[in-house]
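Sending over a structure as structure tokens; questions will come in a sec.
Chain lettering (A, B, C and D) follows the sequence in which the chains are written, and residue indices restart at 1 in each chain.
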Amino acid sequence: MRVTRWGTGYGLFAVGAALVGLMVALAVAAPLIDRYDPAAQGVGPALAGPSVEHWLGTDRFGRDLAARVLHGGRTTLLATAAALALVVSVGTLVGAAVAAVGSIVDRLARRLFDLLVAFPVMVVALALVGLWGPSLATALAGVLIVLWAPFARLSRSLVRTALAEPSAVAARALGAGRWRLLRYEVWPRLRGPVLVLAAVEAAQLIGVVAGLSFLGLGAQPPSAEWGAMLQEGRAALWSAPHLVLAPGIAVLVTVLGLTCMAEGLRDMLDRAGQAVPE
Amino acid sequence: MADRRAWTRAAAVVARGVATAAGLLLVASMLVFALVRAAPGDAVDVEFGESGASALLSPEEEAAARAQRARELGLDRGVPEQYARWLDRVVRLDLGTSFRTGRPVVDELGDRVAASAALGGAGFLVALGSAWLIASLSARRPGGPLDHALRLLSLAATAVPTFLLGSLGLRYAADWFGYPVAGEASWRRLWLPAVVLGVGAMPVVARLLRASLISEYGRPYALAARARGASPARLTFRHVMRPAFAPLLTLAGLTLSSLVAASVITEVIFSWPGVSEYAVSAISAKDYPVVQAYLLLVVAVVVVVNRAMDVLQHLLDPRVAHAADVAA
Amino acid sequence: MTAPVLSVSGLTVAYGPHPVLDGIDLDLVAGRVHVVLGASGSGKTTLLRALIGMVPAPGRVSARRLLLRTAAGEVDLSTPDAWRRVRGRHIGLIAQDPAQALTPLRRAASLVREADRLAGGAADRARVEQLLRAAGFADPGAVASRYCFELSGGMAQRLGVGLAVAPRPAVLLADEPSTALDGLARARLAATLRQVAGDGAAVVLVTHDVALAAGLADDITVLHDGRLAEAGAAAEVLGPGSKWMIGLRPAAPPPAVRSTRVLSTRGLRKRYRGTGPVLTGVDIDVADGEVVGIAGRSGAGKTTLLRCLVGLERPDGGELRIAGRTPAEAGWRALRRLVQVVPQDPRGSLNPWRTARELVADPLDAHRIGTRAGRRARADDLLDRVGLAGLEHRRPGQLSTGQCQRVAIARALALRPRLLVADEPVTALDAPLRQGVLDLLGDVVREHGMAALVISHDLYVLEALCHRIAVLDAGRIVEDLPAAALRDDGTHPLTRALIECHPTGETHVR
Amino acid sequence: MAAATVLLLAGCGGEATAGQGGSGTLRVATSALAASVDPMAELSASYLRSVGAAEGLMRTRADGTVAPELAEKVEATSPTVWTATLRPGLTFWKGGTVDAAAVVASMERARTENTLAAGLLKDVTVAATGDRTVTFTTKQPSHSLPSALSHYQMVVHNVASYPDGASGTDAAVADLTGPYRITGFESDRRMVLERNERWWGGTPGVARVEVQKVGDPQARAQIALSGQAEIVQDLPTDRAKELAAAPGMSLVAKPAANTVTVYLNPASTAAPALADPRVRQALAWGVDRQEVVDLATNGLSVPAPSWLASNPAFPDATAQGYVRFDKATAERLLDEAGWTLGADGKRAKAGQKLALRLLTFGVEAATGEVLQAQWARLGIDVQVRNVESSLINQSIEKGDWDAVTQAWTTLGDTAKLIAAQIGPSGAANHGGYTDPRIDGLLAQAAGAPREDQRTAAVYDLNRLMVELAPSIPVHPRVLATGVSDKVTGFVAHPLQYENIVQPTMTLG
């Protein structure tokens, strides 16, 4: 009984997965659910509050907010997922390769990873966006430059510890080859922590992209993207709070879901006695 | 005697650290320069776009004027040459002069660095203080109702975007306490952005500290100390605290990075005259010397703080150094 | 008999619905050593925690009587506050692993000072020095300013015992102190405990080591499944014909040794960066069908030797031949089919995500021997052979430690190796399980006529299995004799010390 | 701060005299501040004028006409000579006399130090012909000299106080003539000014002015709402309702003298339809300007049917051009051009969709969004991207653009400004439009002997721009200023930098 768990990790993970799943399902089903074109102006009165016709109200151009939040979810979630897939695969592979090569390469790479991991994502994204012009793609590119490093660092250390595990040593002594070691000894120890980190970073990614958009440096109007919608809505935080609340809650729910998933997974891994990434 | 050993080890770590840090900074400076110079448009474009002089000049005159200005700013040379000149000056601690104000960047950044450091430091203290409170309350009865409640609080704090918290905080603070929305860096203005920053960085620290505390409380030495009659307070402060804090230092880099990231938004929202706020405006003006100095500053701070944390960790927990010696 | 210092009756501890301890009665008398024997899971540790009032959080403690008699009078120990007042001062604890039980980031003197102050002592400089001396440190100044994590195992033990003994508690509890210690250190501890009892304390020793118990105990309580199984004077409980005693197995039958050498090393050397040499020139031969034991204290280089023998480590020098060929000639992949390992930590060495059948078939898969179905059938046969029939779909998490070790043995047999290397094959097991695993190992080796190299710090284990025993010290073989002749002919001081720690006629708990 | 493409302003009106010199501190929050106290440093002069520190010989009135400021009068003494007579007894802050020689020195330093000033003084010889008279001699007859003198870059400064290498960030260096003198200065952050007791116009209205730069528009709105400054400049229009309803302050909105215009590229390969003037005109007719104003500026601006409409000196321009939203005309023109409506509601010609990319910048993003929706109703596919200004410039340079929004100033030397729009190689003639009528009209607008002739030529050019449709005027930018109820005497001005500190203002 070393580190006790906060409740059952599984429950937390399930709640998180349900929240994220809900957001993804809504985004996927957006064209089926929405009753208005998200880009169509004047489908309702400008800045109207939630009503039967417009569930979440309308924005200053009289666009249906519900449709925009749904379609915004498509942009935000798809962009996040794509970016995440890229950093996870690149980071994990680089980390594993470095760990496998070892020696000086490993030591240098470790320093680089440590630096990049500590480097503020926001600053890189900010510089890139500021200099290359604001757009979702630039913002994401800025994020990607830095965000693969945590995965590389994690997978590097996991691969190294996994190879030093008694079961891996035993497998080597029994004559298991490189691929068998990777498949049976390394991969099971890698996947959980990487998943945890992916959930954490996904949450961060959404936060950073929304933050950049909030500063007017991310996705640009008129695209329906949560961060951009937040920026539009910020001005009306008091006169028409629903403008911020709708995308704000969408971001909050997604980030909360991802964080819960990460926490739950962390608990479950922790119970299984596995390394847990920070 | 043990102390001296610890200091010697720390000195060795510092020496190793300085060497790698210098290497990293050099690589980083090249990346920074390349990144900044590869972007479309330059300061001359921005200036001429703003001044509107082009409406009053013939195309030839404008071209001549632009070339003249580019020459003044040193932008007419090749990028590698610009880099060499820049690096040459940087190693002599001259970060150049701002295109916009014509002032030395070092002066420009000077008091902003202080303002940013004050904000970051205060934010860090808020984060650490609240994390300590939450973690020690949680660790008292792991799995108990208070633990769960505090965990929910942490999760919520992670999910609330900084800008939302900042905007809301600013609005209400201005309405209720007459909080100065803008102005110079002052104690009166510091607390609110510090709280916003701190709340954002708190959950990660709290989680680690909680796990660390629980783990240390469960170790045989803690048990043995209790068996020798140590009171709960003595157990916490004299036995458990130091080992529990040590792993936190490795997290400092991450905390720092999240603080810097959050401070970009926080400084803008609170009009806090710090480096991030300055950088945001310099970036849009393509004020290269300032942008380069800012990026380099962030890299340097990240490198130095992480190295410093290594050293601090060696001092706080000499076991680390011990393990490193054996492994080396 | 004087009135007991600590009287316990009807002590019950429960974490969930089922009590871990159920109605324990115990009277501790000054000047006597009271040994609590029991297998793991019998409730020994919980009893110990209850006796110092530190049952962890969800546990509920109830007792008809919990009474401590001190010079100042009787103390009723039914409240946490009462416990807090007597803990340390009147009841002391020697923890299981002394190195782990000292606050790592405090200095030795600081801990001593604190313990003394908590016990109401003066806690000044002179007093600290005196206590350190009493703990067995001839030069207190040398140890006083060191961090506890910097202390060697022996020093940590002395300090830990010293801290517990210093306040002269009326009751001294010792928790499985033998587990982490080698024979010599264990003997030293036994002497200390005896002395403390002689000074008038009631000593409680909790252990599963009957050998230790037999040498120390005045009274013995045997726990089984949380209940008192037997209690009484040591002579009665462990007397002749006691069901807790078993005889040693007769020595292994004479070898069917053939003349071919399956393993041969000459001058094997190895050192790690930043440390002294670990192996300084090991010469060892194992003939086909021969079982050779390597004995040695911890740190002698046993594990490094093993790693070199199976190709996990590249020796710095010397020659290694397996079946007459060096690894350079034959390649490790081929040689590994000839040498298989039964590892020290059975649970850790099994991949937790795989089933018993997959684990056993693993070496066959890795070397692509036979068809997939054939490999599975062979794995099931092997599991059957080691007594795990029907458990082929279990994963390590669902198997006991003993069962894990059986899986590991079955796995090592899968390739029908010519040499089996067993690294401390029973150390991780509780005493009652050891004999079964030792029997199994002995049987499979004989059955297959394979050679074996058994590495252990436990002379009994080696005597039970081996034809020949070599003693490893400071990275070289200092003694190499037939197992039957070791006790009579062994001359090296280390051999003698080992024999002293493992007297004949001693016992193992089944 | 990069908001205005061309910034023009002038100081206090010649005849205006300040009030009785009240007390108190006027707190001002602005979106940008001077980086240097040297008015000849890039972009500095306009900020110095805006806070009441700097003045020129002339200034621009709120109605768009020019009036003398430091000069008592400026008159044409021959076709190529303008003579300015200085007010008597003018002094710089530090006490130096502002005489003809000082003015000439200021002009000459401006010419060498500042590109913009060099442009304004091109082919102009400045000479002191008396203590208080300065003559400006031009090569050709020039009618625009008074307007050039009212340009913010023509402020008069004490050359002796700005030696080479002097720190532009030292408040003590500054020596100008304005009603408020700089006593504290932090580059691009903060400025403190105190009343100039020797000011020629009397005692300025407040004792002390504190100007704070607040970069974030929402923070400025917050400052206005919570009454933490008396003047808050450049408020975000999307908070108009909230600000208008706030107690203790009023939102003073004024259409600025620059027209937000959509420039069209006739040579675009991605949108070849733009080569057809009918398509360009259709786009212009298809804009419901009132709706744009309502949605994108919260009703704070007004429709601009023609480019010149935002110049108050040419009031008739509001009746020129696309004076109504005429969807029918737009559809007819598109049909005539061959871009016909398909079943999917989109227009196409020979299988090619009518589509264009519109780049917007900064606050124009909202305008772009509304235009996108309006043109979509015509069956045109518009892709809007809000980008940085330098990216717009770069796209134009590379020729890879369809439509961009920009807002050039319309007030000043009108002939020159309009030449930049439509003249050959005009800086804003991004599409390279030409027409045989243009050159003649431009020459007339600049050089016709009589003012009514010049005005008529300008109107003709404005009309020609409607016909050629190189760009689509939409609406002027908005100058939204928050003015505390404590402030009296604030006059809304179409130039951004006249909207901040005016010497007539007093604190009640």
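We take it that a residue touches a chain if its C-beta (ideal position, glycine included) is under 8 Å from a C-beta of that chain, and two chains touch if they have at least 3 such contacts.
What you are looking at is a predicted structure, and each value in this text was computed from that prediction instead of being measured.
Peer 1: Keeping to the contact definition above, tell me which chains border both chain B and chain D.
Peer 2: Touching chain B as well as chain D, we find A.
Peer 1: With chain centres defined as mean CA positions, report which chain is farthest from chain D.
Peer 2: So the chain farthest away from chain D turns out to be C.
Peer 1: Per-chain C-alpha centres versus the global one: which chain is nearest?
Peer 2: B
Peer 1: When the centre of a chain is set as the mean of its C-alpha atoms, what distance in Å lies between chain C and chain D?
Peer 2: 88
Peer 1: How big is the gap, in whole Å, between where the Cα atoms of chain B centre and where those of chain C centre?
Peer 2: Inter-chain centre distance comes to 49 Å.
Peer 1: Take the average of all CA coordinates in chain A, do the same for chain D, and state the distance between these two points in whole angstrom.
Peer 2: Distance between chain centres: 44 Å.
Peer 1: Mark out which residues of chain D touch at least two other chains, giving numbers and ranges.
Peer 2: Those would be 218, 388, 390-391.
Peer 1: Would you give the residues of chain A that are in contact with at least 2 other chains, written as numbers and ranges?
Peer 2: 1, 133, 234, 238
Peer 1: Tell me, which residues of chain C touch at least two other chains?
Peer 2: There are none in chain C.
Peer 1: Touching pairs of chains, all of them, please.
Peer 2: Every pair of chains meeting the touch criterion: A-B, A-C, A-D, B-C, B-D.
Peer 1: Taking the complex as given, what residues does chain B use to touch chain C?
Peer 2: Per the touch definition, chain B meets chain C at residues 1-2, 141, 219-231, 234, 238-239, 242-243, 316-319, 322, 325-328.
Peer 1: Which residues of chain D touch chain B in their complex?
Peer 2: My answer: residues 1-2, 4-7, 29, 35-36, 41-43, 115-116, 118-120, 122, 167-169, 187-190, 212, 214-216, 218-220, 222-223, 225-226, 228, 388-391, 393-394, 408-409, 413, 416-417, 420, 425, 427-428.
Peer 1: Of all residues in chain B, which touch chain D in the complex?
Peer 2: Per the touch definition, chain B meets chain D at residues 40-42, 45-47, 49-59, 61-62, 65, 68-69, 98, 100-103, 108, 167, 170-171, 174-175, 178, 180-184, 268-271, 273, 277, 280-281, 284-286.
Peer 1: With touch defined as at the start, can you tell me which chain A residues reach chain C in the complex?
Peer 2: Those in contact with chain C are residues 1, 165-167, 169-177, 180, 184-185, 188, 272.
Peer 1: Using the touch rule from the top, collect the residues of chain A that touch chain D in their complex.
Peer 2: Touch list, chain A to chain D: 39-42, 46, 60-62, 133-135, 220-222, 232, 234-236, 238-239.
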